[in-house]
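Chain IDs A, B, C and D follow the sequence of writing; residue 1 opens each chain.
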C-alpha cells in the first residue's frame, strides 16, 4: 500500500499532552503485560494460547480512548486489543486471571486468554468466530436507542482477515441502514495468521469499502499514536453527532506471531523494514520525548511501575485457585427449572 | 436514486439488429410464459409459488446473451431470470415441467418453480438461500482454470436484497481475490419482497461497492435493453480479457408482486410512475419499431408463435404424469452402498 | 370466535409488545407488510418503531438482538423460514447459547422459526430444525402443536431468560383453529397427554401430533386405545411424562417430521430405554421423514413425511409384537 | 518409522494430490504455511497452485468447492477448526448435500473438520459437530479413531462421489502414533471391533475409542471383558456390527464426546433397542460430554468430557445391573 493512500491527517482534534501521555502508558502496560504472558506461556503456565497486540497498541488505544464507558459507550475488542481494553477500563487483573485460569476471573476459568469481557461495563466478550461480535455491538446501540440513551456510541475492532467474513459485511451494512453510532476499527496488520492481504482482498485500501456501505471512511498510519488518537476522536465525534458508522482503517504490521506458538517466519524483511514495520511504542516514546511531554527518566519510571503492576496482577492470579469441577453448576441455562440434568442415564 | 448516478453509457459494443431482435424475442417468450404460469397458479394447477421477472427481462437477457454456453460459460440465474434462462439455452419445456410437477422435468418433480438448473449445460440449480450460488459459479470458474479451460466466464444474478447476505460478500470478495472472470448482475428492483432499498442498504448506488472489492463496476438503467445488452457485453469482454469480476447494477422496478400470492400494494404510485417504472418490454418494442428493426406486424406474429410455443410446453408438461412415490429411490447419496435404508425400525 | 394457530402467534406478539416495553420484533418484511405469513400483521402500526424490517442478513439480525438484550431488551426475531436460520446458526448456537454460561448474563432472545413441510414447499422452505438446535447447550427449543400452545408458549418464551428457538409449524398456521386463547396453560417444559390410551404410547410434537391423533382414531376402530404425548418442548424434554405414559402402555412409538438420523425420536427412545427399560413390552419404534431433502411435489412430499396412515401402520406393527 | 495421526492426514492428502490431478486443497493458511496444524505441510511447494490459501470466508470456501466439482474437480477443504464450519453450514447442508438428490449430479467434496477437545481449547475450538452434519440427508460423516483410519478413510473420502464431512480429532493429532500406514483397510461404512470382549459392548468413535480402551483395561483387572466397537463412520452407521456385538455381550454403553442431547449415542441406542431389543440384558447406557459449552480450563475440560474413569464407572453400573 503506497503512502499516498493514507487519507488521515492530523487535525489536532485531541492531540493533547495529557491524553497522549495516558495513551502511551496504556500501550506500555499492554506491551509489558503481554510480554509477561508470553513468558508464562513459554514456561508452561498458560494453556491454550497467547495472542499479542505488539505493533498495534497505538491503534487499539486510539479507539478505546475515544470511548467513554461512563457515558454508556460500548466496546468490542478482539484478540490484539489488550491496550484498548485497558484504556477502556478493563482491569489488568481480569486479563491476568483469564489467561492464568483463576476461578476469580470474570469468566470463572470457563473461558481463557482473550475470550473475556464485561457485559455490564460494556465490553463484549468475544467469541472466536471472526466478525460475529460486530452486530452484537450494534445491537447494544439499538437497545440504547430503544431505551432513550441517545448519547452512547460503540467501538468495535476487527482485522484485515476478519473483513472477509459474511458477518462483517452483514453487520456493517446493518449498522449503516440503522445509522448507528458505531466506529469500526480495522487493524490491517498485513496478515491474517499467515495469509497476506493480497490473498484476503483485492481493493487498494479497505477504506474503499466505506462508500459502498454509505458510511464515512478514515485511513491512517496505525503506527502513529497522534494520528490514531486524533482520527478516532474525530470518528467518535462524528458518530456521536449522528453521522452514522465510521470505518477506520489502520495500516500497521503485526510485530509478533499470530499467537506465541507461531514464529511468523512468513513475514518478510521487506515488511519489517517497510513503512508500517516500525514499533508504535517506540514512535510514541520518541514523540513524547521530542515534544517535551515526557522524558526518558519518567518513561523508565513508568516502566518500573508497570512492571510492578504486571507482576502484582499475574502473581495474584497465579496464587488463586483454578476451578473445581465439583463446584461447577454445569448449567448453561439461566432458567434453572428448565435445565436438563447432566445425568448420564 | 438520481439519474446522474447512472454511470453506464451506450458504447454500441454489441447493439446490433439481430442481437436486439433475438433478445426481444426471449423477453417476450419469458413474459408470455410467466403470465401463463401465473394463470395456472391462480387456477390451482401450480403448487408452491410462481415468481415473475416482469420488468426485469431486459436486464436478465442482457447478461445471458453475453454468455456462451458452447464456450463453457456458466450461468447462475435467480428467481426473476426466466428471460435470461431462455436466452442462455434452458429449454422452455424444462421450465414448464418444473413448475407443473412433471416427472420428466430436469428436477424430476423433486424441486419446483424456479429451483431448477442444468449442471452439465452450465446452469446452476439455485437453492433458496440468497447469495449462496455466487461462490458456486466462482467454483466452476476455478475448476475450469484448473482444467486449463481459460476462455470461459461466469454470469450470476442477485437482487438488491441479496446483496445484504454474508454469502454475497464472501463470494464477491473471493472472486476478486482469485481475479475470476465473473460478471455479477445485481437487479436493483427497489424491493426485496416488501422491503424498500432504504431498509436494505445505505449507499447511493450499489455500484459504489465495486471499488471496495477491487472490481470494475457498471451501473445502468435496467429497463433499457440496448444499454443492458451493451453493458453486459462490455463487462463480459472485460472479464474474458482478464480484468477480473465485473459488478453490474441494473436499476429497475419489479412490475409484479414478490410472488403471485403478493399484490405488492406496498409499491407506491411514485415508484410506478418513476424513471424505472417503465416496462422494458414496451421500451424495447418501441425501439425495435422506431429503429425500423421490426414492426408491429412482425411482433404480433412473434407473439402468436410464442403463445403457441408456451401453450405447447405447458400442455405437454400438464399431460405428463407427476412423480410416483413408489418409483422413487429415496436416496440422497450417489454412493448407493453407503446409503442407509429408510427403514422406520 | 375462532382463532387460528397463526393468529395466536400474532396475538401473542401483540400482547408481548403491549405488556413489555422492552419487547421488539425484528425480521425481514415484519414491519408494515406484516411478515411473509402475516404473523406480525398490524403490529408495526400499533407499536411504532418496535416492529422493524431487517435486511437479508440473518447473522446480523441475531447478533444485534443478542446485543440488545444487554440493554434490557427482549427481542423477538422472525426468520422468514426456519430453513434460513442456517445463516444465523453461528450467532444462535455459539453467541447466544453460550453467553449465560460464559458470563453469567442471560440472553433472552426468542427466535421464531416457521418450520415444517407444506405442499409445494420443497427442500428449502420445509425443514424441521429443532433437533439441530437442541444439540447445542444453552438453548430452549419449543415446538407447539396447538393454537393454545402457540399462544401461551410464545408469550412465555419472551419471558424466559434464555435464548428460545420457537419452532412454529407452517402447516398448522391456517389448518388449526381454536375457539379462544387460553388464560393459563401448562408451563414450558411440561408435556401434555393429547389423548389417553392404554395399549401404546405415541410420543410426538408439532404437526405430527395431529397425524398421530388421526391414526389413533383409526386404531380405535380396530379396538386399540392409543395414548399420545405431545412433547411441546423438545429441549428440555419432559421425560417423566413420557415414562409415565410408557409405564401405562408398555409400548412406544416416536414420530417426528424431521430427517431420520438422530433427532427427537432418537433422544426420546434413548431416554425411555435407559431410564424405563423394564416398562417396555416391545421394542420401541420410530417414524421419521425419509433420509432425503424434502420434495416439492405433493405426491412425494406426502410419502416423505410420516402421516396418519404410516403412523397407524407402525402402530399395528408395534401392537402385534 | 513412526507416524502420527496428523502426519497420516498429511500423507493421505499428499497421496491424493499425487494420484489424482483433480484434487486440490483449499483453506485458510493451508498454502506455504502448511495449515494451522501443519496438516498440509510441504504440499503447496510439492503441488504448485493446487494448495490454496482462502480468505476467512467459510461460506465461499465451500460454495466454490461445490462449483468446482461440476468441472470434475475433487476439492479437499480444511476448516481451521470444526467450530468455524458453522459459517459454512448452509453450503454444506443445503447446497452440497442436496445437489445429487436434486440434480443427479454428484458433489464430491471432502470437508476436513479438526474436531474435538484439547486442553485449553475452550468453547469455540473444541466442538464435535459430527451429529449436526449427520442429521442432514446427503452427507457422509467420518470419524477416524486411529492413524490407519485417518489415512485410509481420508484417501477413500476423496474418491467418494458424495460430500464427506471428515471429523479428525485434534487430541489425536500428536498423541497417536502408528508404525506404518496401511496398504489396505476396512472400507468406509464398516465399523471395527477395537477390542473383543464378552461382558459388555462399548460403542464409540474418534478420541473416545482410546478412553474406552483404557477403561476396558481397568475393567479387565476387575475380571470383565469389554468389547469395543469403533464406529469409524457415523453416517452411515454399521448397525450390523453393533448388533452382532450386543448379541455377544447383552450390554451396551455408548460413549461420545459430543453434547448430550441427541447425537450418535442416541442414534445408536435407538437402532439397537429397535432392532435388537431382545439382545439386551440390561438397559442401554450412554455417556456424553456435559450440557454446557466446552470449558477452557483443563480442570473443567477433563470433567466435561467422558474419560476412561467415567467410562469405567458407567461400565461398572452397567455390569452390576
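In the analysis below, a residue touches a chain if its C-beta (ideal position, glycine included) is under 8 Å from a C-beta of that chain, and two chains touch if they have at least 3 such contacts.
Nothing here was measured: the structure is a model prediction, and the numbers come from that model.
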Chain whose Cα centroid lies at the greatest distance from that of subunit D: B
Cα-centroid distance, subunit B relative to subunit C, in whole angstrom: 36
Between subunit C and subunit D, centroid-to-centroid distance (C-alpha), Å: 30
Gap in Å, rounded to a whole number, between the CA centres of subunit C and subunit A: 40
Subunit A-subunit B separation of Cα centroids, rounded to whole Å: 43
Residue list for subunit C, restricted to those that touch at least two other chains: 54-55, 57, 59, 83, 86-87, 90, 94, 97-98, 101-102, 123-124, 137-138, 235, 261, 270, 274-275, 285-286, 290-293
Multi-partner residues of subunit B (each touching 2 or more other chains): 107, 110-111, 115, 127, 129, 164-167, 170, 173-174, 177, 199-201, 331-332, 339-340, 345
Touch-based graph of the chains, sorted into line, ring, star, complete or other: complete
In the complex, subunit D residues that touch subunit C: 83, 86-87, 89-90, 93-94, 97-98, 101-102, 123-124, 131-132, 134-138, 235, 258-259, 261-267, 269-270, 273-275, 277-278, 280, 282-286, 290-293
Residues on subunit B engaged by subunit A in the complex (per definition of touch): 164-170, 173-174, 176-177, 179, 198-204, 206, 208-215, 244
Complex interface listing, subunit D residues touching subunit A: 28-29, 31-33, 36, 53-57, 59, 81, 83-84, 86-87, 119-125, 260-261, 285-288, 290-293, 295-300, 302-304, 310, 314
Interfacial residue positions of subunit B with respect to subunit D in the complex: 74, 106-108, 110-111, 115, 117, 119-120, 124-125, 127, 129, 132-144, 146-147, 149, 166-167, 170-171, 173-174, 177, 331-335, 337-340, 345
Touching residues on subunit D, where the partner in the complex is subunit B: 22, 24, 50, 54-55, 57-73, 90-91, 94-95, 97-106, 137-138, 140, 160-162, 188-189, 235-237, 270-271, 274-275
